[in-house]
Amino acid sequence: MLTKEQIAKRIAKEVKNGQYINLGIGIPTLVANYIPKDLDVVLQSENGLLGIGPFPTADKVDPDLINAGKQTITMVPGSALFNSAESFAMIRGGHVHLTILGAMEVSENGDIANWKIPGKMVKGMGGAMDLVASAKNIIVAMQHCSKDGQSKLLPECSLPITGIRCVKKIVSDLAVLEVSPEGGFILKERAPGVSVEEIQAKTGGKLIIEGEIPEMTFE
Amino acid sequence: MINKTVKNAMEAVADIPGNCMLMMGGFGLSGIPENCIQALLAKNISGLTIVSNNAGVDDFGIGLLLKKRMVKKMISSYVGENAEFERQLLSGELEVDLIPQGTLAERVRAGGAGIPAFFTPAGVGTEVAEGKEIREFEGKLYLMERWLRADFSIVKAWKGDTSGNLIFKGTARNFNPMMAAAGKICIAEVEELVQPGELDPNQIHTPGIYVQRIFQGENYEKRIEQRTVTQ
Amino acid sequence: MLTKEQIAKRIAKEVKNGQYINLGIGIPTLVANYIPKDLDVVLQSENGLLGIGPFPTADKVDPDLINAGKQTITMVPGSALFNSAESFAMIRGGHVHLTILGAMEVSENGDIANWKIPGKMVKGMGGAMDLVASAKNIIVAMQHCSKDGQSKLLPECSLPITGIRCVKKIVSDLAVLEVSPEGGFILKERAPGVSVEEIQAKTGGKLIIEGEIPEMTFE
Amino acid sequence: MINKTVKNAMEAVADIPGNCMLMMGGFGLSGIPENCIQALLAKNISGLTIVSNNAGVDDFGIGLLLKKRMVKKMISSYVGENAEFERQLLSGELEVDLIPQGTLAERVRAGGAGIPAFFTPAGVGTEVAEGKEIREFEGKLYLMERWLRADFSIVKAWKGDTSGNLIFKGTARNFNPMMAAAGKICIAEVEELVQPGELDPNQIHTPGIYVQRIFQGENYEKRIEQRTVTQ
């Protein structure tokens, strides 16, 4: 089973040179740490910045410079600042190449639920609905099962959904899976030491297994 | 140039009545109109509907207005980072209308730009789409969203001139420019107020036409929610 | 009968302190010369400027600074530059207080025609349709009659229209008239030496004459 | 930062095919991509549909492309300030789609912003409204307009960096920023090309995300249509 850092590390392999990328809160934020240094990519913060840099040193903290998770950040050379309407114009207009975000559930047709649990305090969807409705390529970082062992990869989402037919790929602690355009999770890679049988047992939706499934690598 | 200067926050918000619709700029606690929030707190009004991306924290920002029970309804994309908010919501004292962040930004932009409705893909197939018109364009589904306008909008800028031209700083810009345009009366508080001609016309983020009142604020705390540093 | 300059001068009396104003090409542009110096107003150029100043001296001509008529201009202190979408957001959003433009015809319910003559080369409406559809207060500067003596204030426009029920006031070479919300041109002022009878004879649409009609003054 | 530099205008427009949809920034002759227009002239293509507020003059700007019969259709708000344009239009060689200027700007903005349709009051009751959906919002009539997008957009900026961030100057900004965002491939020519970090992030008019190719142009003529001076 992968740690959160390993999930982030595996997702970083999906990043291509020249991409503009939006990273969600949580594991997706960690992906930034593992993007190969020889790739030129630009990270978007949907509150109005292209070009997120590392967290600041204590003496460089600026309350007027935060990311969408409200953390203090820095800017890399060549950054651009803009307002929220412009930021979502970029997202809605398909200019962001890759969106990486977390999920509570994903269905076998690519629906995602990640904003609301009935009966619990609802904090809001933030920018998630705009992102999943518009991004060309959406990768989900998530645990394969809930804490009580229920699969989070399902035939249909049981929770209120955030967007329909949008998830392209999932990297969980157990596997890398692609969502088939015809429906179903296509198993692409296993986490080191995790068997196809275990993944099958822990996947609620239709799992598609074609040929030998390799263990994932991180280089 | 038209001079829109008022003396201070108290004068700026003096005629804001209860039960009105108010927009307030900011993302989290960044770029919020701290001075006007304090001035509103000193007024005896309630029943406000506030359009703001977030709702502050317990002891800062819009959280202060919530604590004093001045707010009837929040129109936001992400809220509930304070306990009082949650208590009022669960007890039914407070209404909340949750809107996808990009839709919120665009609805406010549409309000200022005279566009009563537009189509967006955000929320198609979700409960956000309930009761809304769905239409297909070039093979993709979109839902129709309406503009948002307010009786007053309150924004916070970095620099401004007396004719209302504004320049924001960093990510404190966020919702402020759209809200400036979508308020019937826009109040701008700025860290530094200068004379017309001191700001480069090519660097203005919000042209003065949108701003009706402006003053130089004071004692900005600029509280940080998530101080995150590297070694 | 008023000269073009006198029409502009009379319209300048309509300007109020604190207004943002869009001036069309032709007579409306001349209005700027007669706005009282003690009024603070801001002139918009719909190609992206608030704060039009006088024409430049020869050494200050800048090809990157023109008005909507493509004339070289200057900026006053406190100007702001913006793009065309923002410019028409201002116009459409009702932020411009006063629009002054020319017309070929105005109907007694306030329709305006000023962009197209069938059979002649059509150059386009430019920003006129946006302006007349959105401005709160529209004043038309025009000749009362065409060169062959036909009235241009009509029961209905005969030319393709630019906007409906939008004109509030007309300043012609003969008169100042308001458009009645119930339809009809309310005669408010006569040009010096022009009789009510002459205005009546030269107005194709319904003319409403209430009480004594004063001669216009220019101070 | 991603480097989007190409050598020159010829390289920038090399793969623009005939019969494609092209947007070109500028208002009158101000802010037009002079270098790319020259490079297009050197190509053997025709059947172009060009979205541009105006159509140049006989011997400058888009007028040059018209004279070489490269243009099938213009989508503009105001045209015909040149004789060749009028001749082609009257002879039926050239199509023209005339659009209110604000609607044109907003349709292009919508194209870049992923908004397939919106409502505007411009043109209600006129021939512009023919065939379009009319709807009433809050007592006023509006018509529905669709987005405009293009295969290529070509813009001209004052300064730019190699990652595509752009700053415009004066009223030469006009349609350029919206068109940058509405082209599948956006080509930017700039008077001064600098390295990332040399432009203030707070002063960028067009963020680099919208720009795919950039180069420093040369020999800008910046012709003036109406030189108007005061004594």
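Note that the chains are named A, B, C and D in the order they appear, and that numbering of residues resets to 1 at the start of each chain.
Note that in this section contacts are C-beta pairs under 8 Å (C-beta built on N, C-alpha and C of every residue); 3 or more make two chains touch, one makes a residue touch a chain.
Please read all numbers here as calculations on a predicted model, not as lab measurements.
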item: Chain whose Cα centroid lies at the greatest distance from that of chain A; value: C
item: Interchain centroid distance [CA atoms averaged], chain A/chain D, Å; value: 36
item: Where chain B and chain D are represented by their mean Cα positions, the distance between them in whole Å; value: 33
item: Rounded Å distance, chain A centre to chain B centre (Cα mean); value: 29
item: Residues of chain A whose C-beta touches two or more other chains; value: 49, 81-82, 88-89, 91-92, 134
item: Where chain B touches two or more other chains, by residue; value: 106, 109, 113-115, 120-121, 168-170, 202
item: Touch-based graph of the chains, sorted into line, ring, star, complete or other; value: other
item: Contact footprint of chain D on chain B as seen in their complex; value: 106, 110, 113-121, 135, 137-138, 140, 142, 146, 167-170, 202-203
item: Partner chain B, residues of chain A touching it in the complex; value: 45-49, 54-58, 61-67, 69-73, 81-85, 87-89, 91-92, 111, 121-130, 133-134, 160-164
item: Residue ranges of chain C touching chain B (in the complex, touch as defined); value: 17-18, 20, 40-42, 44, 49-51, 75-82, 86, 88-96, 134
item: In the complex, chain D residues that touch chain C; value: 27-31, 53, 76-81, 86, 89-90, 98, 100-106, 108-109, 120-128, 158, 168-178, 205, 222-231
item: Touching residues on chain D, where the partner in the complex is chain A; value: 1-3, 109, 111-115, 161-163, 165, 181, 195-197, 199, 201-202, 204, 207-210
